[in-house]
Structure formats: C-alpha cells, structure tokens
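Below, each structure is written out as structure tokens.
First subunit A sits with subunit B, and in the next complex the same chain sits with subunit C.
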Partner chain A sequence: MAQRLVQYLLVLLVAVAVNFFLPRAMPGSPLQFLAGDEVATLTLEQRAAILERAGLDQPLPVQFVRYLGQVARGDLGYSYQENRPVLGILLERLPWTLLLTGTALLLSSLFGVMVGALAAWRRGGVLDNTSLAGSIALDAVPTFWLGMMLVAIFAVQWQIFPVFGARTAWASYQGWQAVGDVLRHLVLPATTLTIASLSGTYLVMRYAMLGVLGEDYIRTARAKGVSERQVLYKHALRNAMLPVFTVFMLNLGALVGGAAVIETVFSYPGVGRLLFESATNRDYPLLQGAFLLVTLSVLVFNLLADLLYPLVDPRVRGAHG
Partner chain B sequence: MASAAVATKAPKPQGWRALGQALLGNPVGLIGTGLLGLMLFLALFGPLIAPYDPALSSGKPFERPSSAHLLGTNDVGQDILSELIVGTRVSLLIGFSAAAGAIVIGTLVGLVAGYAGGWLDAALMRLVDVVLVLPFIPLMIVVAAYLGPSSGNLIAAITLVIWARPARVVRSGVLSLREITYVESTRALGASDFHILFRHILPGVLPIAVSQFILAASSSILIEASLSFLGLGDPIRKSWGSILYYAQIRGAFLNGSWPWWVVPPGLMITLSVLGFALTGRALEGYLFPRLGKG
Partner chain C sequence: MRKKWLWVASVVIALAGVASAGHTGKRIVLAIPQDEGELTPYTYVTGYPGYNMLSLVFDTLMLNDLNDVPRPWLAENVSSANGGRQWTVRLREGAVWHDGKPITSADVKFSYEFYKKYPLVGRFATAVRGISEIRTPDVRTVVLTLPRPEANFQLVTLGDVPILPQHLWQGVTDPRNFKNSTGSGPYKLVERRPDQTYRLVENPDYFGGKPGADEVILTIIKDATSTFQALQAGQISATSREVLPELIKTFSDNSRLKVVRGPGYASTLFQFNTTLAPFDKPLFRQTVAGLIDTKVLVDTILLGNGTLGNAGFVHPQSPFYSASTRAYKRLSAAEAGKNLDSLGYRAGPDGVRANAQGKKLEFTLQVQSNNPLRIRAAELIAQQVRPAGIVFNIRSLDATTVQQAVWPDFDVAKGRNFELAMWGWSAPVTSQLNLRGLFASNPTAGTLNIGGYSNPTIDTLTERMLTTVDLDQRKSLAAQVQTIVASDLPFITLWYADGVYAYRPEAYDGWKFQKGQGIINKRSFVQE
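Right, the complex of A and B next:
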C-alpha cells in the first residue's frame, strides 16, 4: 500500500513538473508561456505580477519549490482569457465530467457483467461467439468516431437528441424539466463512452465466470439438485464479480482521461473539453490546471480501488499488491 | 527467428511453412493479413493510385459524390477519396514508427531490468508504473500545445507513452529465461553479461517483442487518430484522424456531407486496427507454440 502511495505521489510530481518545466523550456519570452496568448493585452503591472509570482530571477530549484507550494495551496494561477482564477473554472467543469464518466461506468459495468456472465454460462453458444467477435471489433473502432457516428444518426439525421452541450442554451427550465434537459444531452456522450469501455469489463467478467464455473462448489451445488438459475445467480455470479470490481475502479481513472476526446466531439463542458479549448486558445494557466485536475482524479480513483478492494474481497488481502 | 528457437531450446522451429499456415491457413489470419496487405499497398503506392493530389483543390467546395469525385470534396474543394488514400501512409507511418520506437525502448528496459535485478530493476519498474498511470491523452494535449503540432512530435509523444507495457512483459519473459540451465551454464563458462543478454536472452524474448509490436502498432494508430482528431496532427500531411478533425470543425454535420466525409476515414482506421488485431491473434500459436490454442 505504501508503495502504491509513493507511486501515485511520483505521478503527481511528474505532472506538476511537466507544468513547471514546459513553459520555462520554451524559446523566447517565458512571459507568453506563463500567461498565455492574452499577454499582449496585459498592463505593465499585471506583467510584473506574473513575473513576480513565477520568481524567474531566482534559481530553478527555488522556483520549483515555490511553485509546489502554490499548487499545494490550490493556487493554480489566473486565466487571463476568462479573467478569473483557474481553480474556480475547474470546479465548475468537474461535475459534468463526473456525471458523464460515472454514468458511462455504471452502464458499461452493468452490461459488461450481464453479457460476460451469460456468454460464459453458455460457452461456445451463439451469444458467446457473437459477443466475443463483437468485443474484438469494438476495440478496433476509434471512440471519437463512434461518437461522431451517433451524432450523425441520432442528432443530425433523426434529430432525437441534441447535437452538442450539456444543457439547452438560453432556456430557463425549472425542476424536472431541467433534469430532463440534462439527461437528454447526456444520452449520446454517455452511450459512446459506455460502448467504448464495455469490452474491458465484458472480457474480465467472461474470463472470471469461466474460472468460477469450473470450481468444485458449482459442481457440488448442481449435484445437490440446486436449480440452474440458482447456481447462476447465487453461486457463480457473485464470486465472478470480484475481479470486475478492480476493472471498474481502474476504468474510472482511464475514463476521466479518455473523456477528453468524447467531450470534444459533443462539446460537453467537462474538464476534458476544457483541456482542448485552453490548448486551442493557448490559455496556458488554464491548460495546466485542467491537466493537473485530470491527473489528480485518475490517481484518486486508483487509490480508492486499492483501498476498497480488500474490503470487497477478503480472500485477496494477502495476495493483492 | 530460427536462431531464437535454437537458443531457447524451444520445440523445433516450424519455419516459413508454419508461418504461412498461421497467417493464411485460417479465416482469422487470412482476413488479418488481407487487411494489412491492403493498407500496406495503399501506404506504399497511395500517391500513384489517388485520382487527384489531395493537397490541391480539384473541384468546388463541398461537392457531393460524383463520377469525378467518388467521395465528394471537402470545404476547400480537395478530393476526399484522394485524401483518404494518401492519408494511409501518414497514419501507418506514424503508427509504425511510434510502435517500433516503443518496442526498442521497452525491450531494452525489460532486458536490463529483468537481467540486472536489484535496485536497477526496482527503479525501472517504478518508472514503468508511473508512465502507465499518467493520463496520456491529456498529457499529449499539454505537450503539443507548447511544442506545436507536427508528425515528429506526435511520434515522440506516442512512443514515450506506450513503451511501458512491452517493457513489463519483456521483463517477465527475461525473468523466466534467466534461471534456465543453458543461461546458467553459459555464465559458468565465463561469458560476459553483454554476451548472455544479447546472444542468449534477447533471442528468447523476441517472440514476446514481436507480439507486443503488433499490439503497440494497433494502439498507436488509434492514439494517433485521437490526437489528430484533436487537431494535434501535421496540418500539411493529413492522416485519417486529421481528415475527421477538419470534417468536425468545417461543418460536415451541418451540410449533410458526413456520409462521405466522416464515415470512410473512421472505417479505414477501424479496418487497419482490426488487421493488426487479427494478425496478432493468428500469430499467437506460431510465436508461442507451447501455450496451445487460446
């Protein structure tokens, strides 16, 4: 566990170091890379404040320690394009990313477990063969293109769902209407992300289920005359679910990172989309903040997975890690 | 490959015939090699086959498909079919180069870590863990925002992200080879570490490296597509991902040109990744004969 913690801290340090060194390693005036493209519109006092904050006249290690301190205090700098502190913008965007990835994760786990279990239960059957082939094919499809195809069919051609965004602009819905509006906007991006993460859960579940079905206690249960339904739901499914949990938590981390592309396809206002926007606008302080937040979320989810796993499966307390 | 099998005392090498059998003697291998062959052909001869130069406008903007432009034209009147054909080379080249770089780095790191053991092994594996956890698409967006979009940056970025998995797999292969009798006896005979590593252990892990290369190539093609779709690709030489980037920002959905502007590039990406995946599966039995059929 301690080893894991050290590993995550190292990752965080790498992310912070990327943020710190990249603007300083670029040729030309560091001012532009510290403040972003808005630098031309800044007043002399503002420029002085930026240079003062970065402490460019000091030796690099001193600057770095100072930078670490700022980040640790949650001081992520100022977006000159949006004209407000970076942290506030990030906190506005985070709930949308969590909503999107959370929904996709729940749905893909649900379907992955169901299809994986049934496929293993009838190994070599029609469902097993088609779902296995399907998972290979799905793994070859670029996720963002899948999203574009869903937009083309369900938003452009049939106009069932909105093309972009997380809410209808300029509409002042109240109560359930507002919830319905958010859900309607959520359907296509969440479906894309669900399909994209489906095959991982499915494969793990199918494999785990095949292992469990070969165990003695399943044979015993059958020999005792327990009905097939009971064997499937009471005995096999429960035990095969354990490895899926790890995949579930690890997917959560991967999804937050992978959502960057999906959010861009659907102009969904999450942190991933913010990453893309700020890169396009060369709003470097915002870009760095978004990158740090994504990394931090990935690490938090990984850590949660490590902490929760022994609680879910007491048998692996010794073997895990 | 023959020397690899001799060195590991693996079952007698099955030679070219077995390789042909694995690749062409079954539906999975046949489809996989067929797809890869087609893509390779387009990558090599694309500019000769393409009806137009995709860099020049050869028609009016947003033309619908016609006999002159089978897949219509894009927002500046460039022939989409030609973009697609010529883009094959860009997509495959970036994918291949990144995968090759990743396999060289990964194999070296895996060899050194597995063979040396001790603190060096521990340090290298910590590094691998760190790379595996970093959210790489966000990281590349950040790096590209500073360095600017170019094919070279793309290849370097993808390489630096995907070498970690092969490193770990090669290392575990080395660990199992290290204790095998012939390595022990070679060492007893006074062979140098360098000699043992490159003459005896490297050939033993080559099958692992080959199968990891195929995996790495398909994931780098997918990563390249995602990054180019985000506008991080070379704007002059468009890959399939870049075509989709322009389709998205220049309104392919608004003017109804998506069936011939958005669908084909995605299919090309999917088919080439599928080609690698199926070829990899078909090769498994040949590369790892002792594992039997999975």
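Right, the complex of A and C next:
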C-alpha cells in the first residue's frame, strides 16, 4: 500500500512538472492577457513592470521552485486574465462540471448496462440489432454537432429549453424555482453527454454479457431449473458487471476535465472549458491549476478503483493475499 | 409503462414552465464574448466591447458622436488656446457620482495624475503622458497644459480617459486589485458573477440623459454559434458580435430581428515582412497587389458585406480619406511576369519562378487558425498569385503563435520571424488615424510597423501630423501619406468588413450606429 502511494506521488510530481513547463514552451506571451488589449500602446518600461509583477521576469527554474512551494501550501496563484485566485475560480466551476458529467455518467451507465444486458440476452433480436447499429451510429456523430442539433431543435425552434448557461442570468430564483432553473439548463447538455458516452458502456456490457452467457455455470443454473429472470439478474448480470465497473471507474477519473466540448457548445461554466480557454490565453496559473485538478481527480479515482477492485472481484483479493 | 412516460412528460413540461419571473421595466440582455474582469479602468480586459461596457459605468470629459467627432460630455464646453498647448474644460453643473457626491475639477486632476502615476493601462497612460500641468481655478474648471500640441488630444485624452472619484481612489496603491466600480455613468454595477454575468441598473440621476433601460444584463457567451442561437430564441436582446456574413440573410428575413449595418473600421491586411528579399522591393509588392483581386475576396468571403481596401490604408468613410489616392493597379499574369522578369525571377520548369541563385518564389503565408475568413482569403490569394509563378504555402496556426512570430511580445523592436501573414488592425487605428504607429520606421514611434517598413518622407510627414492641430492641414498631410503608401505598399489593405449587427427590437430598440464602432456604444444606452 505504502509503495503504491509513493508511485502515485511520483506520477503527481511528474504531472505537475509537465503542467508547468509545457505551456511555457508554447510560443506567445501572456502579456496581452496581463495588460489587456491595449498592450500595443505600452512602453517597454510599462511592459517590464507588468511582467515583473507576475513574477515572469525570473528564470524558469526559479519560477518552478516558487510554484512548487506555492502548490505545497495550497496556493494556486492568481489568474492573469481574471485577476483573482485560481483556487476560487476552480471551486466555482467544479460543482457545475460535476453536476453535468456526473448526471451524464450515471444515466449513460444505467442505460448502457440495461440495454447492453438485454441486447445480449436476446442476441440477434430486434433490440440487439437496433441498439448495436444505433450505438455505432451515435459513436460516429461528433459531440458538438449533436449538441448544436439539440439546441437548434429544442432551444431555438421549439424554445423548450435554454440555449446557454447553467442558470438564468438575470433571475434571482429561490428554493424549488432555482432548482428547476438549474435542471432546465441541465437537460440539453446532460442529454448530449449521455448520448455521447452511452455506446462505451453499452458495448462493454453487451460483450461481457455474451461471454458470461456462454459459461458453464449459466448452463448449470438453467439445468437446475432456475427461472430465466433469476439467471439473468443473479447469475449473468452480476458477473458481467466487472468490466463495466472498470470502465465506470475510468470514466469517474475523466469527470472533471472530460466535457470541454459540451461546456463550450452550451456555454456551461465548467472546468473543461477552462482548460481550453486558459491554454488559448496563455494564462499559466489558471492552466496549471485546472490541469492539477484534472490530474488529481484521475489519480484519486484510479487509486480508489485499485482499492475497490478486491471488494468487487474476489479473485483479485486472493491474488494479493 | 405508460404511467412512466406520463411522469417523464410532466417533468419536462414542469421544467419548461419555469419561465423568467415577472419583470415590467425595460431590460437589455446583451451577450458579450468573454469575461471583462471588474468594470474599472484598471481591470477591464478588451478594447471592444470591454471598454464600451466600462463606459456604461464611468464617464469621460468628451464623448464621440455618431460620426466619431468628440463632443463635450461630462464637460459642458472645451476650448483650446495657444495652438493647442492649453485646454480649458468647464464641467457640467450638478453632475454627481453614483454615491451622490458631486463631480469636481479635483476629480479630473486626480484621475489624470493617477493614470500617470500608475501607468499599468497603456491606453490611458499614453493619453495623459503629454500633460505637463493641471490647474483647477474653481470646482468646475480644469486647465491642462501641454508642452507641445497633440493633434488627437480630444479623441485620445479628453474623449477616452475615464474620470475616477477621488474620494474612493485616493488611497489606492494597487489599482489592479481595487475592485470598486462606483463611477458616474448611466448605469451602476450591482452584481457580477465572474465568467457568467454582470447586472447593471439605471442611474436615475445621470447628467447625460435618461438611461434607455432599467436594467442591463451582460451575459458571457463564448461561442459565436450559441450567441446567435440565443438571439434567435429570444434569450438575449442583442450581442456585441458582428453577424457572420452567412447569417445576414436569415436574420434579415426574421421578422423578430432587426439587422443594421454601417462602415466598420477594422481592417484586414496582407502583411509583408519588408526586411526580407524580395519583399523589400516595392515593385515585387506592387506585383503581388496587382495579382490580388480584392473584389473577389469581398464578394466571396464577406458575401459583399464589406468595403474594398484603399491602397493608402485609410477607410473611404474616414474624414481623412484622400480620394486622389491611386487604386491598386490590377495586373494580368503576363504583366506580372514582366515585373518579375525585371526583378530577375524567371519561370522554371515546374512553373515556379526562381532567380539566378535558384531562390524560388515560394513563401509561407501564416494565418490565424481561429479566423475562417482570413483562412479562406489566404487560400484565394494563393490561387490568384499562382499563375504568375508565385507559390504561397498557407500555414494555419494558433492566433497567439502567429502574433508571436509577426509581432514578438508586441514589440517591433524585437524584430519579426515571418515572411507573409494575414493580419488586421482594430477600429481605433483607423478612427484615431494612427499613421505614425503604422508606418514610422523608428520602433518607438512606429509601434505597429510589424513589417519593418521604412521611408524617411513618411517618417517626417507622420511626425508632423502628430502635432498638427489644424484639421485641414492634417487632412493634407494624411493625403500625402496615403499617396506614398499606395505606391510603396508596405502591406496590402484587402478590405474593411461592414459592421453588421442584429438585435430584437421588441426587447430594446434604442440602438444607434456609430461609424466604425457599431451599435455597442454609450449613446445606444442613453436617451438623449
């Protein structure tokens, strides 16, 4: 266990270093975003003063050591563009991302498992054929296109759901009204993301189920006269869930940064979009902070998967002694 | 099963039913493309629309009218003496800050000196740099002294620098972190959700006329497509974005939308690095210009919604445009070939011209990957020059990467690392007629001279323009500059896109088009 923690710590350190040096290797200076659009009118002394203020006049190794010290103290620095602490920005964005990706992950896992299991159960049936073709088709559809289509139909044409944002900009709703407002804004992006991630779980579930259904113990159960329902739910489904569990845990790791495209299409104030924007803007502290958050969440969920796996799969427990 | 569907349907209907709560007054919901930080002169982010949003909260002594001429605003009148070396500003009577305290000459003196002391915002620091003395003979009078006259003083200083309330800012030593948006403008900032919205409410005591709406909501939509979908769905009343050419027709046909247009001053250019051969030869640049058909570009890319570039750069609608500037001389491939022959570039076996040393006329044209219009223009241009034996290889790169190659650290003194690039300047370069910045050879004067162009006559003329306050004299100098530029062609001015804007008149119909600036200007938000 201690050894594994050290491994994770090493990975984290490498990730932090990459997060620091990679953005700085991109051409371009954050000066424009530090000084605003009027950068062209600044004198050389004014530019130097601005860079000095952001600590960008120091050599890179010095900046890196300083950054490590800050991170160790939990200080992620100031965003150049927003001119406020990075930690605050991330904490503001995180709940929205989790709400969106969490909802989509739950729904897509639920539907994926259900449809996948039933399709395999009646292999070659109508449900199997249509869902297999459908999932391949959906997998081929670009997410942004799907999102834009849903917006065009449900938001622009029928005006049932809002086009953008996570809540109504000008309203000060209270209680249930506020909840309804948030849900209303959630429907289209969450649906898009659910559809986009559905086929992964579905396909894994379907193939796992097909494998399990060919096992001897299923034949034995049937021979014993166990009802079909019981065979499906008790014997087949539970054993076929293992690979799905792995996929689920991997998806959990991608929760934080995985919805950049959808967040952009729906102007949803999440972390994913932040990654993209801060890279475009050469907003180093924000970029580092957002990547650190994503890295941490991937590592934490991997660790969690490692720890949970023996509970789910008794065979692994045996191997570890 | 049926029950389940009923339940789902009722949830959907319930969600859809949560409509915006009862609000009776006029509300403008304006979409802007990015967060603008705190709305203070030290923290707003973009020149457009950030500065325009700032101007809803803060005031300037003068304000441009719809033809871009500065008029007294917070000032009641402005007069100059001694050849533009002394300016006397008389403030309006009864103008107050958002907190009710009167605006006095001391506030003006304090503000200009503050921008001088904390030169963190180039636009304002540069604007007040030339002022040597500020006197306040009484509470409503300010006398400004300049050691040398400044031609653009009304436009760049009196009409642009926001006045700060001294009683709130006098102790401030770190203005980038002072987050107080108390100003004197037509609206007061009441709420800001970073990266989502700003909520402003009308200032009923405004000296400049009744605000046009009770409430202005600025909502940030970063994606252009989402912005226009939100406009069609009625979730916003207007946007600072210009309507994309392919949407203009659809929007014009939509009875709930109004489309307005006017001249736009933002330019799109084909930029040479004039320090490299063969771009250092005017004849070569003229040849390339002669092969480019700007009319085809405007018709194909902007679907006609633009003004053809003037070879002398200045927009034909600008008061400083000189009609006698010669137009681009169109060349056939054969005529262009003669020019290239005379420069020593002869046709090769693959149809690409090369000189005696074997140097081929094959170059890299850099273009910003986030700008589809410029990418298409680059492709068309490459096609247009190809028959004459010139090859442009288009390289589409992240905008910041292109900027760093063309204009490293925004400092022309640091040189340049490109051959050809698609480029453009924002509207103020035209409206403030910054010909010195564009063409002067000395990097401290020619801060926008990214191509490294050099012509001593232009240096002298643009230097003189700087201190020439008399309008007619300035026009004549500008005409001389245009004549030389149209022949030297340090860059090719391809077009100025029209400013085309769309809004929902049922939500708000008070928009006014300011030449070169569009509908998002302060006067649109005030009933005069």
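Assume the second predicted complex is superposed on the first by the 244 of 321 C-alpha atoms of A that agree within 3 Å, B and C clash if a C-alpha of one lies under 4 Å from a C-alpha of the other, contacts with A are read in each partner's own complex, and residues count from 1 in each chain.
Basically, a contact is a pair of C-beta atoms (placed from the backbone, for glycine too) under 8 Å apart; a residue touches a chain by one contact, two chains touch by 3 or more.
Note that the structure is predicted; figures quoted are calculated from it, not measured.
In the superposition on chain A, no contact is made by A:Val247 with either subunit B or subunit C. Of the two partner chains placed by the overlay, subunit B and subunit C both lie in contact with A:Met148. When both complexes are overlaid on chain A, the residue A:Ala171 reaches subunit C alone and has no touch with subunit B. Legend: residue contacts after superposition of the two complexes on their common chain; A:Thr280 is shown touching both subunit B and subunit C. Shared-chain residue A:Leu237: touches no atom of subunit B or subunit C. Of the two partner chains placed around the shared chain by superposition, neither subunit B nor subunit C is touched by A:Val204. In the superposition on chain A, A:Leu299 contacts subunit B only, with no contact to subunit C. Contact with both subunit B and subunit C is seen for A:Val156 once the two complexes are overlaid on the shared chain.
Shared-chain residue A:Ala140: touches subunit B; no touch with subunit C. Residues 26, 33, 148, 151-152, 155-156, 163, 264-265, 280, 282 of subunit A lie in contact with subunit B in one complex and with subunit C in the other.
Chain contact summary for the complex, subunit B toward subunit A: residues 126, 129-130, 133-139, 141-146, 218, 222, 225-226, 229-231, 241, 244, 248, 253, 256, 258-259, 262-263, 265-266, 269-271, 273-274, 277-278. By the touch criterion stated above, subunit A contacts subunit B in their complex at residues 7-8, 10-11, 14-15, 18-19, 22-23, 26, 33, 136-137, 139-145, 148-149, 151-152, 155-156, 163, 253-254, 256-258, 260-261, 264-265, 272, 275-276, 278-280, 282, 284, 287-288, 290-291, 294-295, 298-299, 302. Within the complex, the subunit C residues that touch subunit A are 12, 14-16, 18, 20-21, 23, 27, 29, 35, 37-38, 43-48, 50, 119-123, 125-126, 176-177, 194-197, 199, 215, 217, 219-223, 225-226, 229-230, 232-235, 398-401, 403-405, 409-411, 413, 426, 437, 447-448.
Only residues 26-29, 31-33, 35-44, 46-47, 49-50, 53, 81-84, 89, 92, 148, 151-152, 155-156, 159-166, 168-171, 173, 177, 180-181, 183-184, 187, 264-267, 269, 273, 277, 280, 282 of subunit A touch subunit C when the two sit together in their complex.
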